[in-house]
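Next, two complexes with chain A in common: one pairs it with chain B, the other with chain C.
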Partner chain A sequence: MSSWQFGLVVTSGLLTARLLSTTSYIVSFSEQFLWLSSALAGVLFYLAAYLMLRLGQQFPEETIGEYVPRLFGKMFGSGVFLVFITVLFINIINCTVALTKLTLVFLLDQTPQAVLIIVLLLAVAYCVMQDFGTILRVIQILVLALPLLYIFYSLIWLNFETLNILPLWPDHFIGILQGVMYHISYYAGYESLLVLLPMAKRGEVSFARTVGWGFLIVTLIYVFGGLVLVGSISAKTIASVPQPVVYGMKSIELPGTFIERLENYMIMFFIPVTYISMVLSYFSLTEGCRKYLHYNDHRTFIPVFLPLIFFVSIFIDTPERYDVFRYFGMYVILFFSFVIIPILLFLVWWKKGRRKNAKQNK
Partner chain B sequence: MLSKINKVNAAKAVWRIVVVLISICACMLTTGCWDAKEIQDRNFVLIAAIDDADIVNKAESEKQIAQTQTFVQKQGTKEYMLSLQILKIAKSESKGGTQAKNTFVISNTGKPMFEMVRDMLGQSSKSLFFEHLEAIIISEAAVKKGGLRPILDFFRRDPEMRSRTKIFITPGEAKAIAEFNPPTGEPGGVYLNGLVQNHKKNIHVGGAKTDVGFIAQGMDNNTDYAIPRLNYIDNVVKLGGTALFKNDMFVGYADEYMTRGLKFIYGTEKSATIAVKCPEHSEQEIVYELFKHDTKLTPHIEGDTIYFTLDITMQGNIGEVNCAAEHDTHNLQFLHSIEELIAQEVSQNIQDCWAFQQGLGIDITNTKGRIKAYHPFEWKKIKDRWEEIYPTIPLIVSVNVNIRGTGEHN
Partner chain C sequence: MGKATRSRLRKLSVKLQKQVQQIKDIGSAISGAIKNLRKARTLDKENFGFTKTIEMNEHLVRSALSCCDDVKYRQFRAGKAKALLVYLSGLTDTSKIETTVIECLTGRVEINESFVNINQITNLLITAANVTVVKKPAEGITNILKGNPLLIIDGIAEAVSIDAAKYEKRQITKAENEDVARGPHDSFNETIGDNIALVRRRTKDPDLKVEIFEIGARTQTSVALLYIDDIVKPGLTDEIRNQLLAIRIDKVILSANVEEFLSNQVWNPFPQTLTTERPDKVVAGLYEGRISIIVDTSPTALIVPVSLQDFMQSVDDYTQRPAVASLTRLTRYFAAFIAVFLPAIYVSIVSYHPGMLPSGLAFSIAELRGKTPFPALLEAFLMEGLLEIFQEAIVRLPQKLAAAAGIVGALVIGTTVVETALVNALLVVVIALTGLSSFSMPSYTFGMALRFFRVAALIAAAVFGLYGIGISFIVMVVFLCSLHTYGESYMGNLFDITLIKDWKDGVLRFPAEFLTSRPKRLGPKDKTRIGGED
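Let's turn to the complex of A and B:
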């Protein structure tokens, strides 16, 4: 895959149905400054992705599972790899729960959640069973749903009221920063680049730039999306409804057209967009395991994780458990991105420096 | 060797069977039609009418009917009567030249709305479907009992409900309106929805931002709001004026004149009419037809003084001159004098409405929100004293009226 394809693949997995339920949490902290929170989070999570790129570039032919034991020792290395696997695992579960809940509430209210989860996981497993070239094509086709999703979402402008987004100057920075933390559901998924990096060809354009463009586009979508959402249904209402984006869409009426129930179309577009993230994370999970355990084929690991994903997704179906899982997931991902990765990078640079000094001393 | 080949073939056959079985299971599980419901298998609810049960069931016979319609409940009270107007999908035959009704009404008494709705399935052969709910009518008596929030909660919470469902407040009985058969032959819910959609042309109807979605936003933001008033007497339905709410409690009604003032401030009408006295014949009127209206309500804080300015620009036509003597409507001086009169009329109406709001202590124009938005730091200083400051805030109105046309005839 080319450098630009790498950027597209890594960032296409960021925008998923996970953001729908998280938006209420973010707005309960950042209020009408959702847009500012999203912009700051975009910078922060791009920084995390950038650190991962720098780390991966130190080992161009290897995935995280291969070089981490060398850096940290076998035991700590396996620990780090386990955290990495957990991060991807959490991402898949979050996507599964978000998408099935959304479908259950608004489309298929008579269908048991377990059935939807099984169907979704089977569809994901089927795609992951293909070789990476096919997966890449699937992602390139499905990512076209993203502009369509945004076009439908943009209809919320029809209800926009400037008063809802004013004042524009923030007076409670702590709330905005708290909101940034919860944006992990807006941006998670970039971690898969630690496995995908060796598959990408190094060209004239750097990965930092291609991934950066992807982050910029997604961040702009979030910033404008946040502005228009707050402008159309107000921050207080966003904080009071579980699925504010769908609620905002439900308020749209296009008089004189035959199209109604616009939220259903938007939900339909969320399915392929979320599917991309699930496929990518699941592929990275199995490919990472293959490299770590030196297997020939990533397909061996596909059936291993399916039951676990299914049972955890079913288990966290109560609000208390889901809240615990949400916080657990958030802290694990933040810990991995902002503690483990910088430590690894520091270790690599430190070891390199030591080697360089030793050579100079010789 | 042979046995090895047989084993391989057997393994292949087993694998094929497994694949076929998985495919069959996947087809059965993934089909989207297993819980599908046809249109004729649903009862489409068009109107939800909520009354005070004690007032509606006054007569002994009514009490007996209500007794049959309701249910024994351990929790909750028999505070409200919920009546649902349901669309008849099958066409009814008309009798003796009179138009057959295309809707019917079922009722129940209780308090949790959702429990009542589910109990109503005892009177409905098909499931009740609310996605096409056109109107929610609430009687003044019902809303005075515990405010709007407990009544509307079910309609805000249930995912089946739509945000753009219209709400009405009636001084009389809501159930009677649900039973009303419109002269147009339309179902009642569709008729009422159509009435309120005309608010852009009818300056006496406050129909903008008064549906479930906007009222829910008002409740979330703790702002005051207005809901269209619906009158009904002797098979006559009339929409006009608004019911005013503060902290979700009913405060009173704004008549057509005050509603007009509110609409001038908001600028929500698109083709309204304004009648003024003829400058030359004070007994006669000249009607101005408004077709473009820009309005800007701005808060100002200078030291300890808070005031609002309202800048209005109106464009429109002369719609009617009902003087006995003919006027030269192309005379610019005459037109300017009319423009001035209209501007005075609009300005006076707005000032009256502003004073009316302040008198009642309600803030439909969301002045609080505007100060918060444009002067956040000053707002922090005054927010605790807002209730005493609000009635003293003056409004400076500036109206600029333009007459762009004089109609098809002089």
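Let's turn to the complex of A and C:
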């Protein structure tokens, strides 16, 4: 794939149905400065993605599962790879649970969540079974749901009240920074670039730029979306309802049209958008395992993880278990992105420096 | 007649039957021996070989074409030698062979003249426009069956095939299935020569190559491969040629017989070749870097490689203004969506999401559905089944009855089914709209494939509502993106950002001044549409 396709693919997996359920947690810290929190989080998570790009570019033909064990030993490398696949695993489960729960609550009422999860996972597995060229083409088509989703989402402007977003100057920066951490549900999914990078062709435009553009667009979507949401239903309401975005959509009426239940249309567009993220994470998971274990085909690993994803997804069906899983996932992803990756990058640079010095001394 | 006599007669008849059977067995053994002897004398896979003796050659041709009373044998003398002309009446232009062969060999040759080799006859005597020296008897037999008579001369172990085929054929008429409002109206007929001529008329390009093969072990049907040599992607012609030559089948009587062998996923309902009756569409395809295949006795040409957007385009798009054409194309894509998903959307909304309807409409639908005994899915299947049966009946009916069938269909399906409360009126409207949408597809085979997915979407909607529709849409997209024909993705190139230049003639149609490059996805050698300099 080209560098622009790489940027599109990496960032198309960011926006998912997870954000619908996480917004209330974020607002409980950042209050009406959700938009500012989203902007700062965009910068922070782009930095994490940038570090991953720099790490991946040191080894252009290899994935993380290949170069880390080779450079730092089998044990350390296996440990890092295990954390990496856990991150992808968590992303897939979060997406699955968020989308199926949303569907269950607002579209269907008597269908068991387990059935919805099976159907979704089978559809994801069907796509992951294809070669990457096909997956790339599917993503480029399904990503068109994003502007359509945003068109429906932006109807929340109709209830916008300026008073809800005041004051404009924040007086509790700590809360905003705390909210930044919870934005992992908004931005998680970029980790798959550690597996996708070797498949991309280095062109005239750098990967950092193309991924940067993608992050910028997604961040702007979140910033304006946050501004609109807070302006429409106020931060207090957002913090007290479980699905504030859907709550905001429910209050919209379009007089003179036959369109009712706008939130259903929005949820429909969340299906392909979340599907993209799940496919990318699952493909990265199976492809990463293939490269790590030196298999010929990534399809071998599809049936291996499917039952695990299913059982964990139905296990975390109570609010308490879901909260525990959510916090666990958040800390693992943050740990991987902001601790492990910088350490790896530092070690790689340090090793290269030593090698260079050794050559010069000779 | 006494008992003893009857018993004797019975025994005699049994004995006679046994002897007749024995004679038959001996006869077939002798024929088998003759065949084997002939094989020993001949080249591989040939029934027999030409000899220098005309009587033997005549006997052997008569054996190969035994019980073919339409094969005629004309004996005459060419100088000192005996000559034999074998031809198929009904497929041969007898006046032509009289003037170019018989008159030449009987009138211009001295009575004592003899011939040493066949070239004396072909180069100096026969005046036919096209002659071929035939060394292999199977080739000679095939040429006779194509309408080209075979000339055998005593003393020469070769024969001459004369191009004199003439048969009744359909005139060039309007395209029955692809008629356009503005544009040429001529279409292909069943004769390969006429079809190639229709293509040649539209371009005087010396790089337009025409390769002709015989496919079908028994029918030996002529199949032509057309391409523009300096445009088509390198390797594509070889790949298709090899695929055609690898076809092992006894008969080819339709282009569909060849089409199936060009498909790499035989169970896939979507067509992987574009079939057309229009020569202008073939020429347009050739100049994009595609290859066309014309099959003798079939009035449709095949074009490969193709993708989904090619099935959504019509010749009318290029005869209308770009803005109008773009809107028409968007309408077609919307119609394709409706053709697959409208019944599913209806079932999901009435079964799972009635709150999405305005209250007035929801109440009236509830009132309508209250009168019908079946659930929404069963109603939809019933109407779908009726529609499919009706569509099949209309295609098979003679033209005189088709109008009556239309009335019956409208009355039966439209009125009576609703009045008897089998289905509700809204569903009839939904199904009618669905049917119209699938008929609006420019490609008939593509429209048929959409009907295939309609059932799956209906079941998904009945089980999971809008969620099922969303998942079935995604699965359909994945399936279509996974299809490939000769390296081109079926649907994946629709919004591929590396092929952004191809978007100018994809979902929308840009004005001609912007269409300066050929589709990049086809990998043409000559990338620009602007003519080359001398």
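Keep in mind that, in the parts below, the second predicted complex is superposed on the first by the 362 of 362 C-alpha atoms of A that agree within 3 Å, B and C clash if a C-alpha of one lies under 4 Å from a C-alpha of the other, contacts with A are read in each partner's own complex, and residues count from 1 in each chain.
Methods note: a contact is a pair of C-beta atoms (placed from the backbone, for glycine too) under 8 Å apart; a residue touches a chain by one contact, two chains touch by 3 or more.
These numbers come from a predicted model, not from an experiment.
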A:Cys127 touches, of chain B and chain C: first, second, both or neither? second
Most chain A residues touched (candidates chain B, chain C): C
Contacts of A:Thr111 with chain B and chain C, given as first, second, both or neither: both
Chain B versus chain C as contact partner of A:Tyr247, first or second or both or neither: first
Touching partner for A:Leu166 - first (chain B), second (chain C), both, neither: first
Chain B versus chain C as contact partner of A:Trp4, first or second or both or neither: second
First, second, both or neither for A:Val119, with chain B first and chain C second: both
Which of chain B and chain C A:Leu142 touches, first, second, both or neither: second
Touching partner for A:Ile233 - first (chain B), second (chain C), both, neither: first
Residues of chain A that lie at the interface with chain B and also at the interface with chain C: 108, 111, 119, 261
Residues on chain A engaged by chain C in the complex (per definition of touch): 1-2, 4-5, 8, 103, 107-108, 111, 116, 119-120, 123, 126-127, 130, 133-134, 136-138, 140-142, 144, 258, 260-261, 264, 267-268, 271-272, 275
Complex contacts: residues of chain A adjacent to chain B: 105-106, 108-111, 115, 118-119, 122, 163, 166-167, 169, 171, 233-234, 236-237, 239-240, 247, 250-251, 253, 261
Residue ranges of chain C touching chain A (in the complex, touch as defined): 352-353, 355-358, 361, 464-471, 473-475, 477-478, 481-482, 489, 491-498
Residue numbers on chain B that touch chain A, as the complex places them: 26, 29-30, 32, 34-35, 131, 159, 162-164, 213, 216-217, 220-222, 366, 369-370, 372-374, 376-377
